[in-house]
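Letters are used for the chains, namely A, B and C, taken in the order the chains are written, and counting of residues starts over at 1 for each.
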């Protein structure tokens, strides 16, 4: 078993007094796609930026190819950037409006392969444009001349031109129409298969994450609450938050039966999604800001299974079954819902 | 029975320095009293523009033709005073972004009460009391306290509830909800959908639900209109649409939506190409370039919406 | 950059006032360059026969002569040349210094920005006239002193503007993307920040030229700058002011040129701002 490509240990990020990321640990191996799901305020985008050191964490280690990215020098960090790339959410905003698409895609080449002749650079940019389905002739155009989906292809081309070992996709398809998000997703998968690249796919869209990922991490208010293989997570979610998320996803009527086989419970706390009338009226959003919840489980305000211990002790992420980790004091129990407002 | 909203041959064009853009092309639809109609479409479908025209909120460079009748009276080209009597009281709108649709420097209570004071002539004290009751009805906890808060003190989901409350204050006949849950987290979205269902059940108001998310619409709508490139391509009851989509675009779109249950496909289904740029559409089927069933007729003749009242489709070679 | 420049040029062309202003400015520039060839007279020659002569066709002095008999036409053109040269050169320097200073301060931020801005505030607070008088007392009158004084203050507002623009550009996602791509700070400032702040900068630079010309004229008018027999619009106006009642043309020629030049440059600058300020790209 080779060393993981990326090792994140005890990562903590604060925004002033507010803790945004609190003690996150995970590994990522070559060729693996890990999905990171969470809602707004969960810290998933912050995590991406912390890994890339686009902001400075308070504590923790981010070991990439053996080197701690958070403690190395600026020059060493920049050198590693060729292997660690990101595709952003807003395709148009992530492109310099005053640069042609060809210049934008070619910039990593100028930075990391300065000895390349202009002609070679143009050839590689053209090849990349073709590979992402845009056509070499588009190199002279400006970002505002493209649609959202096309801009996202440009972003991917720019990220991929140096064949990075790890690609972070931060809500990369969220702003695209459903009918074309598949184009981008399939492109990412093809590129990954060609190069054994690892992908960290951050999204709030559970269905897309399910499609892409080998493993899934669920993050809530800056903490990982569940980590599992993709099929296991969607078939048997163990954390109450994960189950609430899955239950809340609106389903098309033609979909097959309820996604989450209930945990071994006396009664399902969160009912099957098609029975829409019985969604429990629990607070759907965090009530107290994260800084006031320094101890205890972050989810306790919204959890139907809450116990006194949840107020005082923060549940550690423990392995509930093989490869399936949950941060919940009650993950091993047979649960009966305590409250149903 | 007079339909609550009746749109006939509505066309909306925007003149730009680069040319003219046809956002909506000869569109007709009807919404019956107490009916919930879902309007589904992707970027460039024109779904929002149709209802902006109904509310008189189109941009200055828009050219509109056709007719939009609300409970029998024409809205297009109506006097501003007539329009203002109807807008905000009888026909109300909920927007996508709860952050920008509430006035930031006014308290919630003031904004809610103002609606009733100006439309119904209610005195301020009564209006605030009604506002508090309405907040209870939309399940905003601690409604008394909320009345005195400013929009930025509320979460996104709470603000959207306030918007819903505001839209119901004068007992409207029609509420237009433009992507009401798109900016919200999925757990909050589920609750807002629930709320809209409850509100419909209690008050019998007609609801026009605009969304790009078919699953959101599926939970609420009686009838669904699928729009593409400024036209309606399919109009069917909710059950029929999902069970037996008749337009190739609808069928393909349904396949593109990934699910959290069921088998995982090897490749995520997708549509080739992109929706046509609004300036490009001509007398032809707008979906023809991307349709696997397209024939010569599709490229030269515009298909009209035909079929029984239960399910209409605009396609020369529909699926069923 | 090509597409934006074309678009801006198109908008500019459709603005008749700006086009005319540009035309007049160019005409003046051309005149100052070819003037000495078309007139028979010379800047320095004292024509004893026509002292303080009014403008007329009978002599070859089209704008008349001054108290010493020098031809006003040629002198006015020479003065305009000097004023324009100083205006353009000083504007170019303030552009370069201001953009560099402002972009660095705005992008790096933190303590560096803090210190750099404090320096600007100190310099802004400097009473310019006293400063120039002080320097004149020490070093005597000269063009170089004038240039130095103008240079010391000309770039200040430009730096502020560029810093402000940089602060807002810095938040944009493509800057983050550039950092994530491994670009160095210098590269980001040069290739990503500066091209995106250049719009307001060009406009301000164009409006700086008339400001500097006016400043130079003012200083020269006060006697702190260009010396005899050199001429700038300011010195000419000073001379003209002294003779205002007896020989008004000595004031009117340079005064008129200054007024027209300032007006045209300002109108053109406004037009340029309108052309470049496209919100709905």
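Worth a mention:
Simple rule for what comes next: contacts are C-beta pairs under 8 Å (C-beta built on N, C-alpha and C of every residue); 3 or more make two chains touch, one makes a residue touch a chain.
Just so it is clear, the model here is predicted, and its values are computed rather than measured.
Looking at which of A-C and A-B shares more C-beta pairs in contact, the answer is the pair A-B. Each chain's centre was taken as the mean of its CA atoms, and the one lying most distant from chain A is C. For this pair, chain B with chain C, the centres built from the Cα atoms lie 56 Å apart. Note: centroid distance chain A to chain C, computed from Cα atoms, is 54 Å. Chain centres here are Cα means. That of chain A falls 31 Å from that of chain B.
Note for the complex: chain A touches chain C at residues 49, 52, 54, 78-79, 81-82, 85-86, 88, 90, 93-99, 107-108, 111-112, 142, 144, 155, 158.
Residues 39-40, 147-150, 177-183, 185-186, 189, 204, 206-208, 210-211, 234, 244-259, 276-277, 279, 281, 284-285 of chain A are the ones touching chain B in the complex. Those residues of chain B that touch chain A in the shared complex are 42-43, 139, 155-158, 185-191, 193-194, 197, 212-216, 218-219, 238-239, 242-243, 252-254, 256-262, 264-265, 267-272, 274-275.
Only residues 1, 3-4, 172-174, 176-184, 187, 191-192, 195-196, 281 of chain C touch chain A when the two sit together in their complex.
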